[in-house]
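After the structure tokens below, expect a handful of questions from me.
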Amino acid sequence: MRKFLKTKSLFVAGLLCTTSLAHAEDVEVLHWWTSGGEAAALNVLKDDLSGQGIGWTDMPVAGGGGEQAMTVLRARVTAGNAPTAVQALGFDILDWADQGALADLNEVAAQEGWDDVVPDALKAFAKHDGKWVSAPVNVHSTNWVWANKAVLDANGIAQPTNWDEFVAAVEALKAAGVTPIAHGGQAWQDATVFDAVAMSTLGPDGYKAAFIDLDEETLGGDAMKEAFDRMAFIRDNVDENFSGRDWNLATAMVINGEAGFQMMGDWAKGEFLNAGKVPGEDFLCFRFPGTQDQVTFNADQFMMFDQGGTVSAEQAALASAILSPSFQIAFNKVKGSVPARTDVDGSDLDACGQQGMKDLAAAASSGNLFGSMAHGHAAPASVKNAVYDVVTAHFNGEYGSEDAVTELVDAVSIAK
Amino acid sequence: MAASADADFKTRLQNWIPKLVLSPSLAMMLVFVYGFILFSVYLSFTDSRILPSFGWVGWENYDKLWRLSHWETSLINMGIFASLYIVICTCIGLGLAIFLDQKIRGEGLLRPIYLYPMALSFIVTGTAWKWFLDPGIGLENVMHTWGWTSFEFDWIKNRDYAIYTVVLAAVWQTSGFVMAMFLAGLRGIDNEILRAAQMDGASNWNLYRRIIIPQLRPAFLSAFVILSHLAIKTFDLVIALTGGGPGRATELPATFMYSYTFTRNQMGIGAASATIMLMTIAAIMIPYLYAELREKR
Amino acid sequence: MGFLDIDNATKSYGAVEVLHKVDISVQEGEFLVLVGPSGCGKSTLLNMIAGLEEITSGEIRIKDQVMNGVHPSNRNIAMVFQSYALYPNMTVGQNITFGLEMHGVPKPEREKAMQEVAKLLQIEQLLDRKPGQLSGGQRQRVAMGRALVRNPDVFLFDEPLSNLDAKLRVDMRTEIKKLHQNLGTTIVYVTHDQIEAMTLSSRIAVMNGGYVQQLGAPQEIYDTPANIFVATFMGSPAMNVVPAKVTVLNGRPHAEVAVHDGSMAQLPFSQDNLAAWDGREILLGIRPETITDLDGADRKSSNIAQMANRIVVTEPAGSDTFVSMQLGGRDVIARMRSDAEVAPGQDFNFAVNMEKAVAFDPESEMRILP
Amino acid sequence: MSQATQDTAIRTGRVTRTLIYLVLLLFGLFYLLPLYVMLVNSVKPLEEITGGGMMNLPQVFTIEPWLKAWSSAQIGVDPTGLKPYFWNSIKMVVPAVIVSTILGALNGYVLTKWRFKYDTILFGLMLFACFIPFQIVLIPMARMLGIIGLAGTTWGLALVHVVYGIGFTTLYFRNYYAVFPTELIRAAQIDGAGFFQIFWRILLPSSGPIAVVSIIWQFTNIWNDFLFGASFADANSQPMTVALNNLVQSSTGVKEYNVHFAGAILAAMPTLLVYIVAGRYFVRGLMAGSVKG
């Protein structure tokens, strides 16, 4: 076996030579969008392609926010049987590009002028060594707070704009016997909250230093301890049953008025809309207090796997279809996110969506757009998970803020 | 038998056919099990991250591994889980088998009920278990609506107790199977010995304690092998039930290894943990296999 | 050259030699019984003849063909096993014809052969049954049928009667003997039962510890056992072996043996060979049936000695009464007529047929007389 | 003493018996509980489930979730339900079970009746292989499948299951054949039967009980496997468990618990059937071999 695997690039090159030619007319897409809405959105893409005479081989593997799909991908690539396109997030794309496994989409990109319409923060993940390797689908922003308007109104709470106001609001809800914060105790949800809290506590520069540059001093600094203290406050204001809860069940608590707030990405909106709620009337969406100007994002992309050196017509068609304005709008309307290209007409989107587009454009132009740590857009998977470990252990009371900071520095250094 | 030089064709054929028949299985075993084990051990000394790569880093991965606090957690969990799981399954299995062996009416109905959990994977039953254990909608809630409001059962949400819910679900799945093995053992015992013991005035309790249970040794051993192998491989159960949480409180070596190899892109550390796992398994199983196989010779 | 030659056959497992240079030549039509206690190597030897175990060194020949390395099925032998080894999933008929089928005998011929054998063994009505439905005796017949149908050069029997109850065993024994007489086949038969060996065989090989202790006709082995092992193994109750001293009285060697009260009985030998042993210790072998009361003594014998001794226990067994006494410090059994008037504790005058007496060298345990 | 007329030697009093029945029934309930939860909730409309009362019987009975799970639920892009994946599973399970059982039987036969030097060590190696955690073989196995050209096929998947099932089937058959009388093999050899004839005509017809054990064991393990199915199958060969996972684990949107439960029961149906139908023979098979020394 070692002979086959002498060097990394040789290894992958060898794999790609054996890549099957069986799907000459089809594109095979590995993804984890299996819920009704997402599948409907993908169907837009599928129909688009079939209009061009290109078949769609569907390869869904749900579970764990794509973890399961990444395992499958690894097996597929190792077997020399890589799919045409794979749904992927942030650093995973760069990791695969490092392995030399991805296709060079520059030709398509040049034709379609991607460089001009995709924000730089996204390009950081969609391009590798100056080559387009991936087609971004959307941008989610993760530092949202969702609130039940009726509950807030009943308790005389206005939309909080900084941490202290947020604390006051939470205390008021608690006093009124409402669960202040709806939360699901899963590592990635804990980390999503932590993202927002850290951004508000450390400020954009501190966030960048800590989670993007992985600066040990910032990671171990006092501000970080403060962030953990705030996490402890949040922990004290969730209900007893939070552990292991799916995020959409937490959202349901806000929808039903059992809880006041939920910190969650923009995909939570779909739940409100599905429940027949109207943004601004029944529920509020606003940036996490203290992060009004910042946007932490994660973007779903389809990375294109090298199919034997050339980009096939089908693959090119798929990539261009993904970035076509019509698909971007159609998809993001369903998904709750905003388009990955900034030049599309957002008038079809709802109020939250339009707000999101505006925020994104503003943040992008003012340098306030940051990749989300919790969603793998700030640091590679190993670091991300190391942060998860510490955040979730702290959140579940395994150790205090002081220890959490030390653990964080340690865990990140092991994972680097 | 080594074939003599002057053996006839049929005899020579018969000498190598058995080996030939065994060889595909052996070849598969050597490549797909032992080859892969070696490969994995080798990887544990490399800088592999997302895919195997072959930069030699020596003991670095092991060093990192032992610095990770939740590797320790997962080992401790394994100890708690495996010992409780094996002991409880054996006790319940034996107890049920003994009870079921008392000429019970409806045995034909009860036996499949005890056995069926083994037929289901946790992908299937995970949600039901999660619901049942969830204090908000499960047992606790049901007890509350039935009027027992002080009833508390929130282990799955509790860092210190969550591992016991994993044990509970695991016991649910396999204790019936263990019961079947003991039942088979009980049915194989010669009734005359029991009658003789009764003539000697042994009470039922003594009959079981002194005569019957000692005779079930092979069943105990089989149960031990099957249970320990299931304990080591426990993976789906944790993923479906707690996802390793709350926090990392129910992480087991198998889930640890999986997450480092596949979701954290630290294949080297994953391989190191796999190597340690394999060595632990070997340390337990090899003496057992040696004793078992030697005896039979 | 015999019909079946076992020529210096040796068997070892690794470094352990379990059969030592066995040398037996069997004539056509002969009934050879290998007898000995368990672990003596008799079954190993049989398996070697069958080809089920390899020969480590030496040769086995059937009809002058060397059989070493020849597959069992090509040796033209048939075997009847202790457990009968009937294939449980086949009917009796299929069991009988399986071997023929394996040898490619066409179906009509198989049928014919099966019917003949079934008739011979009187199992025609069982042909459609499964072995599980048969009694022990019936299984035994089927097992023999399976062997017979092959019409082999040599029949091998591996303790075929040991799983039957006592009465059936005797019946089957007779049956096998009849079969041998009628068919005139060559048989090698393994048993640990010396009565079977005596009744069935034309020759017996007594084995122990991987050696053939003695090979000979049954009567020869009974009357002149080669050593103490053979002497005590063959015959039931076993031959009495007691320490004695040779004294020459009136020019004739006597065995001087202590009776119950320590006084010496002098038993004269028929032969003079032992004169050289004068004053030395020997082991005296006396078969139980040669110690009787005076009336029951063998009238044809020319050498009946008398011996007074005390009876310890009497055991009436219907046809005979067994009487035990102390002789030479050991328990000795005498076999009397059932109407002999004996009682425990009685001082009795025994008649010993010294014509049949045997003497052994106490050191080598080999027979020195006759 | 009247034991002679009794079947079992153990006698128990009336109170003890009542207690025994009570314990047995309680455990029966314990084992049935998850199935009950799944069944009850699979025939409720979704509103009734979200309204709470996990243990309650349905107020409105509906078969809709079952139909949906089987033929119209969204599995990925296409609303195909579990149906096509069911057949994928069958196509993978049947050959894998048959081949691994036959290989196990042959191995057991060789290891007990055609012993040779070091055979015990070989068996030990096979047995130890049962304990290998499957997670570590994923990557090298994927590469192997790629090399032999079986990547992403049902056959490749079946091969993987055969490889990792042989240890157990060999164990079962070896223990069973160990107590099978060797004299029968010898008799057949003298009768002229060869290696395979002996196996086919003599051993196999008597292997019913242990074959049942082996088949049940392999069938449930392979049918329930998720890891290999997800990793080594492609779009046309994904087994039922992967589809069920896609149905149940969808990350966003409304969770249709009733459909999930119905799907889960559907996915479990074949193994359940196997256990219920063959459970009786299972204990018998265990008795016949695998728990004996």
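Letters are used for the chains, namely A, B, C and D, taken in the order the chains are written, and counting of residues starts over at 1 for each.
Methods note: a contact is a pair of C-beta atoms (placed from the backbone, for glycine too) under 8 Å apart; a residue touches a chain by one contact, two chains touch by 3 or more.
A quick map from chain label to UniProt name: D = Sugar ABC transporter permease.
None of these values were measured; they are calculated from a predicted model.
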Task: Look at the interfaces B-D and C-D and say which one is made up of more C-beta pairs in contact.
output: B-D
Query: From the centre of chain C, which chain's CA centre is farthest?
result: A
Statement: For the pair chain B and chain D, the C-alpha centroid-to-centroid distance in angstrom is 15
Task: Would you kindly tell me how far, in whole Å, the mean C-alpha position of chain D lies from that of chain C?
output: 56
Task: For chain A and chain D, let me know how many angstrom lie between their CA-based centres, rounded off.
output: 38
- prompt: So what's the Cα centroid distance for chain A and chain B, whole Å?
  reply: 37
Task: Among the residues of chain D, pick out those that touch two or more other chains and give their numbers.
output: 138-141, 245, 248
Residue list for chain C, restricted to those that touch at least two other chains: 51, 71, 73-74
Statement: By the touch definition above, chain A meets two or more other chains at residues 1, 64, 71, 74, 78
Message: With touch defined as at the top, which chains are paired up in contact here?
response: A-B, A-D, B-C, B-D, C-D
Field: chain D to chain C touching residues, read off their complex
entry: 181, 183-184, 186-193, 197, 201-202, 205-206
- line: The chain D residues in contact with chain A across the complex are 74-79, 138-143, 145-147, 151-152, 230-232, 234-236, 238, 242, 245-255
- line: Counting only contacts in the complex, chain B reaches chain C at residues 1-8, 10-11, 14
- prompt: In the complex of these two chains, what residues of chain C are touching chain D?
  reply: 47, 50-52, 71-74, 77-79, 81-83, 85, 87-90, 98-99, 102-103, 146, 150
Message: If we count contacts the way the header does, which residues on chain D are in touch with chain B in the complex?
response: 1, 3, 7-12, 17, 20-21, 23-24, 27-28, 30-35, 37-38, 52-55, 103, 106-107, 109-111, 114, 116, 120, 122-141, 144, 162-164, 166-167, 170, 178, 194-196, 220, 224-227, 241, 244-245, 248, 257, 260-261, 264-265, 267-268, 271-272, 274-276, 279-280, 282-284, 286-287, 290-293
